[in-house]
Amino acid sequence: MILGRVIGKVWATVKDPAYERRTLLVVAPLDPRTGARRGDSTLAVDFTGAGEGDTVLVVDEGSSACGLYGDDVPVKTVIVGIVDSFDCFGRTFVVN
Amino acid sequence: MILGRVIGKVWATVKDPAYERRTLLVVAPLDPRTGARRGDSTLAVDFTGAGEGDTVLVVDEGSSACGLYGDDVPVKTVIVGIVDSFDCFGRTFVVN
Amino acid sequence: MILGRVIGKVWATVKDPAYERRTLLVVAPLDPRTGARRGDSTLAVDFTGAGEGDTVLVVDEGSSACGLYGDDVPVKTVIVGIVDSFDCFGRTFVVN
Amino acid sequence: MILGRVIGKVWATVKDPAYERRTLLVVAPLDPRTGARRGDSTLAVDFTGAGEGDTVLVVDEGSSACGLYGDDVPVKTVIVGIVDSFDCFGRTFVVN
Amino acid sequence: MILGRVIGKVWATVKDPAYERRTLLVVAPLDPRTGARRGDSTLAVDFTGAGEGDTVLVVDEGSSACGLYGDDVPVKTVIVGIVDSFDCFGRTFVVN
């Protein structure tokens, strides 16, 4: 489970119809100590209506997604929340 | 969930019959910020008819594959979509 | 499963109501050989009442969370315990 | 899901009886672009009768193993196939 | 699934009662080619009665733990076996 920032979008023809109703976003991980991006970006299916520039809560799903999004969605990385602010070592970051 | 490019194919004798009806491809991860390859390539079972040179959507499956592809397929990495284009930091990449 | 230290907190608007009743903490991994922080910090959902500065037991959940916290919680990283002390190569660290 | 080469074997007393009927092999990952070993070796439970020197298909299992090998096998990494040949960037490697 | 050596122990107050009946050990990964430690140590729940200095078989569990240890145990990394010896590139290591 990581903090991320939406930096792009992907258009794809996906076999499974469940994907077609969702936006596929490019997310860059953020370091909660500095608020800066770190490491490789990833793709995530959005369940929150997030857009470019939003700071989001990204969950790298195992099968716990089964119950929430339906058994037949081969979802792995999902955006489950939009972050308002975070606090690390006493420093506060207001992001949305 | 990553962007990847198909760079090869594997022929194997697999115990499980479910694998035999599928193509096993070699996929190189792509960096969505540049469209260039990055990191180690991986093997993925194709569910889309993708071929060498295609840009694909690769899902590193946990058990969420159970519902879609049958309970007895020990599938881990699958190609679930063919990417048409992606957009990162305002730059657009048309790939197929 | 790692040792970690709570170093911050995140406020987010999460789609799933199960998250809203939980605190989302920033956790830095600890090296059990030295008691020092190492590597990238992560976010974790707290199930113990841990606060900043506490040394905690962090589990990177797959679907084993299903039974304990409900089937519809897309939880990935959780704090399941508060560490009292640990011992490594004969050296003891009393942390709480 | 990776290409690997069997480089050794492990003898262990495992609590779960399901493991005792299986060989535990040491597998080195192979780079499909060169056919050379890369990165750290891993342990894998063999389901194919593979032996030292064989090029194999290794799946890092989540719970999708449940259906195939029985619900009570805490299997994580398994050898599911023996590779005959692979092809990468137009270069063919015949390995068995 | 990796080879590891027990190098320490953790005392923690864990919410879930299933953890309280188990020992939580610090395990250092071993390189099967040399028998030496490599990489970061991890925590693992012991199911074998292993103690400091033992060479063990460590499984990074997904949900396959469900059947064996009960559905409500949020177990991720477990020690499932005690290693007697291993063999790599023709060299034999007798460890217990």
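Going in written order, the chains are labelled A, B, C, D and E, and every chain counts its residues from 1.
Definition applied: a residue touches a chain if its C-beta (ideal position, glycine included) is under 8 Å from a C-beta of that chain, and two chains touch if they have at least 3 such contacts.
Every value quoted in this text rests on a predicted model; they were computed, and no experiment measured them.
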{"item": "Smallest number of contact steps required from chain B to reach chain D", "value": "1"}
{"item": "Rotation angle (°) superposing Cα atoms of chain A on chain E, nearest 5", "value": "145"}
{"item": "Same vs different contact residues, chain C with chain E, by half of numbers used", "value": "different"}
{"item": "Approximate Å spacing (C-alpha centroids) for the pair chain A, chain D", "value": "32"}
{"item": "Geometric centre distance via CA averages, chain E-chain D, whole Å", "value": "20"}
{"item": "Residues within chain E bordering two or more other chains", "value": "61-63, 65-66"}
{"item": "Touching residues (chain side chain B, partner chain D) in the complex", "value": "7-16, 19, 24, 26, 40-45, 61-63, 65-66, 71-77"}
{"item": "Interface residues, chain E side, partner chain D - complex", "value": "1-3, 31-33, 38-39, 47-48, 57, 59-68, 78, 80-89"}
